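You will see chain A twice below: alongside chain B first, and alongside chain C after that.
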Partner chain A sequence: MAGSPAYAVDLTAMIAATMLPFVSFLTILIATRGRPRLSAGLSIGSVTISLACSIALLALHFHLAAPIEFSTRLLASGGLDIPFGFLLDRLNLLMIAIVSAICFLVQVYSLGYMAGDPGFSRYYGFMSLFTWAMMSLALSASLLQLYFFWELVGLSSYLLIGFWYEKFSATQAGKKAFVMTRAGDAAFFIGLLLLFVHTGDLSIAHLDSRSALSGVSPSFLTLSALLIFGGIVGKSAQFPLMTWLPDAMEGPTPVSALLHSATMVAAGVYLFARLFPFFSMSSVAMTVFLAIGTISMLLASTMAIVSRDIKKVWAYSTISQLGFMIMALGAGGYFAGVFHLTTHAGFKALLFLCSGVFIHRYETNDIYELSRFGARRMVIPTVSIVLGAAALSGLPPLSGYFSKEAIMGSLAAMHNPLWLAAGLAGVFLTAYYSFRVIFILLFPRAEGAASPPPQEAGITAGGHAAHESGYRAMAWPLIILSAVSVIFGFFKTSFKDFIGGGAAAGGAAGMEPSWLHIAPLALALAGVGLAWVEFGRKGAKQIGFVDRMPVLSRLFAERWYIDRFYGLVVEFVIDRGISRLCSQNDRKVIDGSIDGICEGTVESGWVVAFLQTGMIQYRLLAILGVLALLLLCFYF
Partner chain B sequence: MHMEPATFPFLSAILLSCVVGMLTIMVIPEERHVLIKQVSIFFSGVCLLLTLYVFFAFNRSLGGLQFVEQVSWIPTLGISYFNAVDGFSLPNLLLTGIVFFTGVLTMWELNTRVKEYFALYFLLVTGVFGLFMSMDLFFIFVWYDVSLFPMYLLIAIWGTTRKEYGAMKLTLYLLAGSALILPAIIFLWAKSGLNTFSFVSLMHPGMFSPADQKFAFLLLFLGFGILAAVWPMHTWSPDGHVAAPHGVSMVHAGVLMKIGSFGVLRVAIMLCPLGWIYWAKSMAVLAVIGIIYGALVGLRQTDLKYVIGYSSVSHMGVVGLGLSTVTVAGLNGAVFQMFAHGIMTALLFSSVGYIYDRTHTKLIPELGGLSRIMPVASAFFILAALAGVGLPGLANFWGELLVFLAAFKVYPLFGVIGVVTLVITALFMLRVVQKTFYGPANARFAGLPDVSPWLGTPRIILAAVLLILGLYPSLLFNVIRTASVPFMNGLPR
Partner chain C sequence: MIAPFSHVLVVAGILFALGAFCAVTRRNLIMIVLGIEIMLNAAAIAFVGGSLHLDNLDGQTFVLFILAVAATEVSVGLAIIVYAFRRTGSFDPADFNLLR
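Our next item is the complex of A and B:
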């Protein structure tokens, strides 16, 4: 079967889609560092082919019934086989299409955004690494292989977040992202090893089949599900490992767009969807996931309400939307979660790319300043950002409306109405904070006639030069993504057929009360309305209701003090606590005792040396004494 | 055990080219520095080619001992010149070849007492090569001391920070190790009653009584364990790393520490398997303490070389954990990790060497912003640091994966501790990278040249090895398993 020509085509397409970006990564870093245009060409060329292959695969297998698997043994080590290969089913057909499309658009956009940056080649090299890692992650056939690329996705984020390495905050953010996700990955790795030790097979198809794990005890299943979920918490920035994501805004804006839509954070939700049948075998674990998703969603929404930094608002919204996806999946709504992942990838990339145009032009992230500089006069980004925000808020007829509605549907199917209530509150908050940004941008208030920085700013703090041709490269991706956000929602039913048929979808397809279609919309409109009252209408002071409560706004702005807590733990418990204790033990106890023994030896040598006075009478006395002792020994 | 005699004495040729290289260097006039270095590169290159040949010519389906050369030397005591390679020693042999060659290249800019340096360096490596290929207990002890003696001089003369202290500490520790090994070897020789030091004769199940095995294993483990920097006998190693000149640090951390773990495997474990099984749990405890302790102490270091030194303690703990699991996967992982760690630390020290030669400091607070000034030199260090973090795609990942996998089967708790330590390792490695290489360009070092292709050669080789094994680990595992699988199958249960 695997030898037939159709499969050979699949395999070639998958190898091309994954390996070409890797080849381009190596080529750029080794050979073409000095030639920025060539590097960009290589990288974009390879991602274009990836995109073409992904779309071809999607078209070819649109009615794929059973997953196709190719695998070969990478490593065999005495009773241990580590396979490497590709798994192709509807979920990752979709995923590779999203990933390659977003990577392609972001790379084209970066032609304008990063123009003139001294690290231009390096940037495209890392972008290719990112594409490679994410595409391979999506196509992985086994959990170990997935982990392999999972870590490489983390590495590429580290490199890209800290891309402007001369900026302390950027390198700090990159390090934080890597270490924090690593903490989650440690749990993932432990879970993976546990599963391997107990089941002996890490292939995803095996883990997802109910029959294969029927003999395993439920508590063990729950434990390993929770551990693997630790990796998802880290990658998808869920509570309590969420604080790296807002800091990751230190990277170039296209990187944020990529990180927040289709790659890094999406990897976590993708893993959840990938192992959905496995996770859903443990109802305890699913409830925990639902709770974590809910907490993250609500916490991040509150943080977004008070932020003045346009990128940070979108970053918090990413956490909260990921929370929605986790909630949907945790509630058993497989289709709703995956659908929201897809629509979110589109509109979140759009929001970041629009903000990038503003930031590139006006060199500030502050929404009030952007507003005063007259950001609204840039037509394409302004229209696009409004569309993106509307999609994020879940306003019809944009894509976000349909996916949010689906999520509410699956939450409503839960017995406990609390989840649905939390979800609806989230819908309200999302609409409020998105339109807060939009209204501030659209209706500048401060009268002090601020003039934007001159167009020919030359090299800016970020190191990029602003120029007109760059704007065109940046505008096209915006138009395409806006179009997708507008149209995509209407394909909900065909999407549902496509995804729902591929994997064993959990329940949640039951009766939906009719008010469920109205409630999310009404709440979203209420959120927009409140934002309008506080920020939009004439005479509004542009002060939110939270700003009037200093305690709350402080709590939200300080991100519920989660970050402070981690800082204290690292500083006092690790750095000044056990680490210092160990160093002192090393120096004083171990080295001290060894040096003590050495000195003792030398000193006892001195004592013996004093005995060697060279006087014959003492020698004779000593001989006599020894002989006397020997005599005593012999006789008694 | 299958023994495949050598058609040509390749192993002796490796030793011979070291010795001839040393003698040639000794007859070259002192002041002809370039010629001395060229000769060194030539002979170390010959060694590398020979080890590569042996590595690729080794028959992976046959396994057993290959390239066997045996000449009786002192028949009355049963001592013979007996060289061979198996799946355990072959990776170490290749490692030595690579580190030897790149270590010579790294010291290309040496100016003081060049002749003596390279002569002693060749002597040091001769001992290491001899130890890895010898199948005679007596010779193993001799080679151990051959590699010990030049180390003292190399550190005390060409070293840097607290060099007399470091050199003396190292020598005393290693001598203490040999003081434990020698009685154990004589004990085994006497107990066998065969009047032979040959491994092949001594390595039979039931050769030694369980009590004897427990006793001898303890002595051998402690003796070789000192060299492998087993906690709490590790403090000589960071001090020694820091004090040694860069090329010697590479051999020291890259290869010399492997002698310790290799000695534990070859002599202690293979001759006293029952002792191994008896003491395995204690070994595991020490190894896990080493893993976490090395990482924690590494967090607080401000000298680049100390950071690497303590990370070595942690990584060698992983090797120890693998050896203590008494499983095939654990042995495979441990030997793979020895190789990967050797290449990785060699790359780290080689990079630090380049940086130190330019900036004249290796204190992290004084550095910073080097990425802007020397991007290529920095990239090599960062790559090695990422390998140290256990990133997939680089060699160390596979060693750690197998070791932790084996540990999860045998000691789940230790496995968990080991994996969690990876987070701390990531924290301290990335901290060092951030403080040393990132940040605004340091005005003090402005204008320093980036690494040239020629001076970068050693790092290119080492980085390529890390990457190749990271993507294609079977290259090495196929060799290691030819030794580990039969050994574990023959183990008395």
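Our next item is the complex of A and C:
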């Protein structure tokens, strides 16, 4: 089948889509680091071709019936056989389209945002690295291959968070992100090995076919599913490992938009969807996933309520929306989870990019300050951010409304009403915190309302012109993403056909009660209304209801003390426990034994040297003495 | 042979002990070489006595070899001593301990 021309076209397109960014990454790092414009051109050119290939593939295979797999052997040793190749089905057709589209938009946007940065070429190099890794991750045919690219994606995330490496907090945040996701990846890898030992095959198509795992015991299935989910928890910043994501906002804003909201963190959810048939074989594991998604969603929403940093609000909301996706998938709503992933990628990238425009212009992350500087005067970003926030809150007719509704539908199908209640609470909180930001931005309050932005006086005419041209590069992606957020929801049914046709459509569709269509909308509107009462209306003090309860607001602002807890664990268990033990072992046992051997050699040398007096007569005497003794020995 | 064989061996033994005592105790390189000469000669006496006692001329042949070896040894040894004396101005074996 590999010989027919249609497959050759597919293969070429996939290779072009994945390898070109890699080529541009290498070229930029090796050859064109000194020429920023050329580097940006290379990177954007390669991502454009990737985008074209992805869209062509999507168009070609819009009615794809069965997954197509191209694979060759990466290495074989005895009974071990590691395949390497591309798997093409509806889910990853969608994923590569999302990834390449957002990569493309963000790279164009970065032309404006990163203009004049000394690391401009390096930035585009890392962006290409990320594009390559993410596209290859989406197209991987086997779990092991996916794991390689999973780690590469983590590496590029680390490089981009710590992009401004002169800033101490940025390097710290990069390190934190790397180490915390690694904690999850370790579990993921152990899960992979377990699966490999028991099934002998890590190809995704094999794992997803129910027959492959029929002989495996259910407890083992649950264990390996939970371990693999550990990787998802790390990458998608879910409950125990969530605190790296807000800190990752130290990176440039386009990076936050691309990696830490739209695509990389969604890789975890993608993996969940990828192995959905495998995971759904263990009901215990699915319940655990559902619980973790719910906890992350609620915790992160409460954190977002009190944050003053615009990027952090969106970061918390990313965690909470990822929690929503995991909840939907955990409840068996395959379509709902994947649909929310898609819409979220659009509106969250939009929100970050808008915030990036404000941050670029006014050089502050504080919403109150942005508002006082008059951020609302920038028309395109302001309109876009309102659209994005409305989509995030799930207001019709924006895309978020449709995907949230789908999620609520799959949660309502669960027997336990607790999950649905938690989901509805999440909808309310989401609407509240996103419109809190919007109302604060739109309605600046008294204290120095007319004060000009501090930089305005100092900006020279040339600098201003540069700002303006950069602004255009930044505005277009905003317009495109806003348009997508507005219209995408209307394609829900065709999307459902597209996604649902390929894989087993989960969830009990058709038994949704009629109030379910109204309840999320009503709660979202209630959230917006509460935000309006507290932040929007004339004379509002712009103090949230949580801020009136110091205990609660402190708890939320401290991120439920999760970071403190980790700090204590690191300090007492790791620094003072394990590390200290290791360092003692190093100093006392290893160094001690080596020093002991050396000193013993030197000292025994001294002892031996004491015997050697340099007097020939003593040796003669010794010879004679020995001979005399031998004589005695022989004769008596 | 007039003297009994055991007497010859006793004389040779006494000479050997004297030579060894001289070689070990004297703090003079020339005296050490002299002591070694005496030990060689003691061995030669034992060989001659043995040769007469056993009616075998091999022992006397050995004595000729011993004399030749002793002569060369003395010449080489004395040459070394002279050279060492020129280098250090001392006959004392305790002074030659560079390898220590």
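Quick notes on this structure:
One rule holds for everything that comes next: the second predicted complex is superposed on the first by the 566 of 636 C-alpha atoms of A that agree within 3 Å, B and C clash if a C-alpha of one lies under 4 Å from a C-alpha of the other, contacts with A are read in each partner's own complex, and residues count from 1 in each chain.
FYI, a residue touches a chain if its C-beta (ideal position, glycine included) is under 8 Å from a C-beta of that chain, and two chains touch if they have at least 3 such contacts.
A quick note: this is a predicted structure, and the numbers were derived from the prediction, not measured.
Shared-chain residue A:491: touches no atom of chain B or chain C. When the two complexes are overlaid on their common chain A, residue A:575 makes contact with chain B while staying clear of chain C.
In the superposed pair of complexes, A:197 makes contact with chain B only, with no contact to chain C. Shared-chain residue A:620: touches chain C; no touch with chain B. Look at A:84: by the touch rule set out above, it reaches neither chain B nor chain C. Shared-chain residue A:368: touches no atom of chain B or chain C.
Shared-chain residue A:471: touches no atom of chain B or chain C. Touch counts on chain A: comparing chain C and chain B, the chain ahead is B. Overlaid on A, the two complexes show chain B and chain C touching no common residue of chain A.
Interface of chain B with chain A (complex): residues 169, 172, 232, 235, 293, 296-297, 299-300, 328-329, 332, 369, 371-372, 379, 386, 391-393, 397-398, 401-402, 404-405, 408-409, 412, 415-416, 419-420, 422-424, 426-427, 430-431, 434, 437-441, 473-474, 477, 480-481, 484-485, 488.
Interface residues of chain A facing chain C in the complex, by the touch rule stated above, are 609, 612-617, 620-621, 624.
Of all residues in chain A, those touching chain B in their complex are 29, 74-80, 144, 147-149, 151-152, 155, 158, 162, 165-166, 168, 171-172, 175, 178-179, 182-183, 186, 189-190, 193-194, 196-197, 570, 574-575, 578-580, 582-583, 586, 590-591, 594, 598. Only residues 20, 23-25, 32, 93-94, 96-100 of chain C touch chain A when the two sit together in their complex.
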